[in-house]
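Next come two complexes built around subunit A: one with subunit B, the other with subunit C.
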Partner chain A sequence: MLRSFIVALLTFAALANARCVQGSRTLVIYDERLSVLDNYSNLFNSMRERDYTLDFISVANETSSLQLFKGENKIYDNLMVFPIKGKTLNKHVSGKSLLQFSLAGGNVLAVSSPESLSDPVRLFLNQLGIYPSPKDYRLVDHFQKSSDGIRIGTDGLKNRFVYKPYDEEEDFFITNSSVAILDNREQLVPILVAPRTSYASGKGKDLWVSGSQGYLVVGFQALNNARTAWVGSPEFLSNSNHQSNGILAKELTKWTFKEKGVIKTNGFRHSHIDGTSYEEAPYKIKDAVNYEVSFSEWNGEEWQPFEATDIQFELKMLDPYYRLNLIPSHRDETYQWYTTGDFRLPDHHGVFTFQVDYKRAGLSLVSVSDVKAIRHLAHDEYPRSWEITNARVYISGIFAVIFAWVLFVIFFVSTSKTTKNFNTEKKNN
Partner chain B sequence: MSVHKNDGVRGVILPWVQTLLTVTIFVAMFGAAISSRLFSVIRFESIIHEFDPWFNFRATKYLVSHSFLEFLNWFDDRTWYPLGRVTGGTLYPGLMTTSGAVWHLFRKIGLPIDIRNICVMFAPAFSGVTAWATYQFTKEIKDSSAGLLAGAFMAIVPGYISRSVAGSYDNEAIAITLLMVTFMFWIKAQKRGSILYAALTALFYFYMVSAWGGYVFITNLIPLHIFILILMGRYNSKLYAAYTTWYAIGTLASMQIPFVGFLPIRSNDHMAALGVFGLIQIVAFGNFIKSQVPSEKFKIVMVVSLLVILGVGVAGLFTLTYMGFIAPWTGRFYSLWDTNYAKIHIPIIASVSEHQPVAWPAFFFDTHFLIWLFPAGVFLLFLELKDEHVFVIAYSVLCSYFAGVMIRLMLTLTPVICVAAAVTLSKLFDIYLNFSKDEKKLDYSSLLSRLVVSGSFIYYLYLFVFHSTWVTRIAYSSPSVVLPSTTSDGRPALIDDFREAYYWLRMNTDEDAKVAAWWDYGYQIGGMADRTTLVDNNTWNNTHIAIVGKAMSSPEWKSYQIFKQHDVDYVLVIFGGVLGFSGDDINKFLWMIRISEGIWPDEIKERDFFTSSNEYRVDSRATKTMKESLLYKMSYKDFPALFKGQGQDKVRGQAISAADVEPLDYFEEVFTSENWLVRIYQLRDEDPEGRDLHDVGLFERNTKSARKRNSKKPSLEMRV
Partner chain C sequence: MQLMRHLFALCALVYSCLALQAKNVHLTFPGSQRRGILLGDIESQTQKLEEPVQVNAQDESLELNFAVSPAEKPEQVELLVGLPERGLEVVYEPKITDNKELIMYRFSIDVSKIPKALLHYSKDDEEPISVSMILASPESDNVFVPVFDMSLTFNDEVEYTEPVRYEAKPEIRHVFNPEPKTVPWPLAQVFVFIISLVVFGLVIALMSSGALNFGNLPLNFNIVYFFAFIGSIIGFEYIFIQYYIGKSIFETLLAALYLGFPALWVGTKFLRIFKCT
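Then we have the complex of A and B:
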């Protein structure tokens, strides 16, 4: 059944117009001993509707060849890993190769469960600073009314770019979940946090985490914009919880596989305020210039102008000399342009970096910089002496001396004949 | 000498013969001066030498490809990144403009010569002029026979050749010529009281100011000359005319050089000239009064006014300096008087090898037998003690001291050594080579003594030529960019690692890549590799240099942060351990540490780099700080492996084993030259996953331990 499924999908994929920015070739690794795919049909169907090409490979089937790379190129754009029985995924897929996949720009959605956390996945997640609770650790919360699971309100949602709830009364239902602790690196994008009253422990084992230091769903965006997400329980995504978690699960796949929260820039330009470019007239100190940068956001179908109020421009040489909030200027179909307005370059020559470094958790990272020299004033660019009122005293002094000297010479020459004797005498002294 | 032999010849042809001989001698002198400086081109190639010349060369190229005004306003964004350098306002443009003018001249007359060849041949060409100026100078001091000797000495004396071989395109190449021309005109001016010569002195003084920072020497020597003469009671109106003309024109002219600017009226180095200028006015006025009033009254007037003037002058100088109107003495000046000053206060000055005190044998090495004729010459001048002799004496006393303190000033001492030695020798020859007829009877013992004395001195002259040639060939012709060596079977070979590495940088890195290296190599990287540097040999910003020093002496992660902050892409280190090249970065390391310790005494400590028994070690007994420092890791990376586990450092004579050298995680080796002299490392990109590069390195090296460790609960900071 699965095979025909894949064939059908592949043919479908050929016609597909992908929704994700990067690519929609997706591999789902699962273990048929643990997961029944039909339990997740809602999730997969919604992905298929969004033109994903899904390959399913069960690691229980020893003969199945599991390859992420062909030579140096990755075969898939996205990877979903469901819980696996046993320690390894496959001899071709180690923690290192998962990391390599991510470093090569691939997106990974890893799902683990308290019953199984395979070594490669754990190793990979640990490298990202996500530390899921080991086997047999479960999240429990004795303050919850129902004993079959944990309900978390929208206050547990931590990132609006991943999922912004329409309804503040929304609840997410968690059963049988691992929980992860995170380190403090900025690439981590916490998505769903554990309730304050919960904790995770195994049978007769130490506490793994307690309270809101634990996370149930975590995103990660690397500097190369590859995304990874981890979900602590497969039930979270299953059809049985579709009622409560379906939308979040869908938005999570959207975010992880770069259908949303993706922004880019079409570049920047800066020039003198009269439009003269740097190439025509290099900047000198105290020149008035302006700087513009464009931003565009992927809405799942096309690029559209991206709107934000917190984009900043920096002019720095070791330290920022300027940090300006950018204001929206003009826009076209695809791009929103932001401008600094006119500003005056610092009174300091040097090699400056014109930079916009827009990094927000949940959005792809945009950083553009341009290194340009700001020169000192040339010898003829200072105000002339007669333009400085203070200098007029000295100028008149100079001319007075010149005038007096000319007069002296005239008198000296015209009178020297008659006083010749006196002059020679003086010289001899 | 030749002129003297012809003294006895009479008749109308005498002037002709004399002229012919003089011309022949001068042609020979020029020939000797230029040809002996060509050893470097013949033995190596036509290449710019050493460090500073590379900057001068680069600036000259900029000058000939841009207009003069663009050159004057040049803001160089490829050095001192990211500060940049206002190059046009911080260099002495005399050298570049001269060679630029020569280049344009040759083009005008249809001889388009590559600017590099002009720069390489610049110093030899000017050395001939120096010899001529020395001749003229000595002629004013004694006579033309002494002048010829002095000129000939000047042409081939190694002390001068050391800075003026072909390819040594340094400020000194032209500055010594200008120094001698200025002095020559000054002697003429003060002898004759000629305003014309004084104006010429000022003109060449201006040229000198535009060419070399050593102009301060003239600025102080001429006033000193006048001051001594006044003290000796030898004031006359000639001195007044010469000095005031020179000072007025020379000072105004020197202020036109952007780099000098208002220094002549603001810096203490120039105050002597200003003071003497004031003094000579007073003395002139006093002289005038003396002629008008009786002498007893004049004495009282003089004593009182002298005391008042002295008091007011000294107090004024102190107040102005204290209030900041006059710049205090510069560090280089202090280190002239207190040889330990620089070592304690300004390590960057002490770190330059040419600022070190001179070793005594160097005097003989650089001037051969002239050095012991020199005191005799000074003594002979003392016996006569004319006004101009005072100048030579003052010059020789001052310079002997300075040369003893700072080896670089040997260069300014050399001309006066030549002059004084020539005076001695010509005096000697005046007596012992005088075979004229006035003595009727033949005295065999006298003849014999003459023959012995003059014979032995002629033999010394021969030895001098021999020595000069040998020194020039062996010691002073190496470009230091290319190192001479011998192969294992004794054939000469060239070690060309520097150019190999710079060429690699030029061809394999981004055009705007930033290269961090110790400042010694800044000019070469800029000139040969054409890449942006952080620091270079124009050591104007001590802090910026200290930053590089700090990065080199810090542990990797810290260095990485520093370099990243400065946008560095590549780090270049010089390592001589394989070759036995002792001028490498590990040997310069202590200076890096000292300079950065001066700025960050809490982070860098020189003590930490010495073992408990106070040894500077790089082998297994080296300190932890030493082994963790970036420079150590970069120098010795893979070095033990080259010798199968135990590498013998040929410079330090210590054995480095593989366990001593920890792996580099933040930097990646991209290039190592043939003899390992130059090693270039690239900064790794930050890890996209946000891990420490050290952790990445650990992970790559050892997956197993990472796996084990991670199954436990990690100890993490609370997430906020």
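Then we have the complex of A and C:
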């Protein structure tokens, strides 16, 4: 009893110290015939320093058991899959189970090489819209004189949330790499693009992809905020390229396992401009209101205010009536608040949605909405007739008639009968 | 010194032998009467055509032909067509004819088959489409040069729908229905004045025709009924005005009820007296 309590306490303490928002239990699946773990010691040590719990399973060993779920619960939060020879992985994990792992919120970092990309990983990546080159197709660039590999400048980086270089002169070194073609999906996060002059071809010289249409590192941000990243070359992460790629590799694992690019909201509020809430005075058409929403970003250690200039608010009833860029208002230690400023509700009544749907490639997806009715004007809330200039003429007429009527009655009852003689002539034909 | 000069010349000779070159490059316009353009030989230092090639119709096609000597047959021969600044490029591969003495390459660019995104952005931004040539082999002086630009001069609209991306969308602000138009207040005042004038004219006309002589005004206690009768009529008008400016119908009915009974009694009393006079 005491032992299990201590284990639970230690597990909780490990999770509490974890720098990734979701969890740090990480499984590394590799093939010892292809990958020597010592070659990636810098990467793994860097992860251990960030409080990751790493379990290693080599699928080359027939007897090794590999389970991603216990019942319906994930055993691991993160999964790293290194190149695996032939169909060895199929015996342990299927493409469907990788997809289930992602659907359950698990993050996956898949590494392939021109020599090996196991079917489950390929099927899983294809489901996401990432199509790595077939076996033995590798990236070639004859314009790079070094026979060891290909250098890619910072202009090849495509997402600043994954990695924003400090030095624009920085180069990344990639050797023996597969190349992927991407589907046209908004969930995909291109990270490193192939050089313009490169191409990927196989033994038969068939071209797989050419120029900047090929990608070497790609991310995927699912709607449930689970992340997947694919790297076309295991050497990209290895110690031998640590000097050139070390920071990018570290930032890539940080992004994939939700240490960075993670934002959240603490909530939203909207009210009349004088602060009266909807509950106190339900909105009616043309009311002046304002809307505020807070955002916070995980910096690897704590939540801090999230700064952005492209957060938008939408007021929708089927279609948006308003789409406003939010402006920063106030902030505290954790949250940055954004506001629409004052705006008038539409002159249409109905059931409207107050919504902030902030989705950006490389950031976790945040969506908050509130459905509220906007009523039409009551009968006594329209402008009165005397406020309308046209009506003043008619009002004058009404009061003129009233005045004349009262005067006529007074005249009629107060005046005595008088007889006036008129000269009449009988008309004789 | 002499030795160095010879070595330098030898290196230059070897380098020039390794340098790739597209020979007799010429651009033709199949299916049209336009004359072809001879671009000459293209090497790594060759400049692109100064003037962009005009594309006058969306169904136009261009052909770029050149030859390479079999000794220096490049591994990679491609044409990049696109807008490099936007990161939009499509890669064309050649049709190769090997006739032993020369290897002939032919690239066909059918403008109608160029991706719509390229045509759209090129027309929208008035930016010519760049055509670059790649000739490359390992250990060679490779060629990657812009050859010419294509300027789209046709008037047809290029229909293109941008793919959905996670990004900020254009702002929308609700356009309110216009406020109802009303007459200017000075003009309304003119009509109000005319109405007042007509009422005043009516009073003058009544008085001038002898309709007001107060001869029938009761002189005894009955004058009280007279004033009460007139007062009840004014009272009813007052209740109506109160209703008009916002009193509820229930308050109005109650007030009318309170005034109605005495007004009926006083009115009856006064009208009986009035009948006798």
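One rule holds in what follows: the second predicted complex is superposed on the first by the 377 of 429 C-alpha atoms of A that agree within 3 Å, B and C clash if a C-alpha of one lies under 4 Å from a C-alpha of the other, contacts with A are read in each partner's own complex, and residues count from 1 in each chain.
We take it that a residue touches a chain if its C-beta (ideal position, glycine included) is under 8 Å from a C-beta of that chain, and two chains touch if they have at least 3 such contacts.
Quantities reported herein were computed from a predicted structural model and do not represent experimental measurements.
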Which of subunit B and subunit C A:Ile388 touches, first, second, both or neither: second
Partner chain in contact with A:Glu186 - subunit B first, subunit C second, else both or neither: both
Partner chain(s) touched by A:Pro320 [first = subunit B, second = subunit C, both, neither]: second
Touched partner set for A:Val351, first subunit B, second subunit C, both or neither: first
Contacts of A:Asn126 with subunit B and subunit C, given as first, second, both or neither: first
First (subunit B), second (subunit C), both or neither touched by A:Pro305: neither
First (subunit B), second (subunit C), both or neither touched by A:Gly202: neither
Which of subunit B and subunit C A:Ala400 touches, first, second, both or neither: second
Which superposed partner A:Ala226 touches (first subunit B, second subunit C, both, neither): first
Contact residues of subunit A, present in both the subunit B and the subunit C interface: 184, 186, 213
Contacting residues of subunit B [partner subunit A, same complex]: 69, 72-73, 75, 77, 81-84, 86, 89, 237, 258, 287-288, 290-291, 512, 565-567, 686-691, 699, 703, 706-707, 710-711, 713-714, 716-720
Complex contacts: residues of subunit A adjacent to subunit C: 140, 142-143, 184, 186, 193, 196-197, 199, 207, 210-213, 286, 310, 312, 315, 320-325, 343-344, 346-347, 359-361, 380, 384, 388-390, 392-393, 396-397, 400, 402-404, 406-411, 413-418
Contacting residues of subunit C [partner subunit A, same complex]: 75-76, 78, 80, 84, 87, 89, 91, 93, 134, 136-138, 140, 142, 144, 163-174, 176-177, 182-185, 188, 191-192, 195-196, 198-199, 202-203, 206, 210-217, 226, 229-230, 233-234, 237, 240, 245-246, 270, 274, 277
Complex contacts: residues of subunit A adjacent to subunit B: 95-96, 99, 102-103, 119, 122-123, 126-129, 131, 134, 181-187, 206, 208, 213, 220, 222-224, 226, 317-318, 349-353, 371, 373, 375-376, 378-379, 426-429
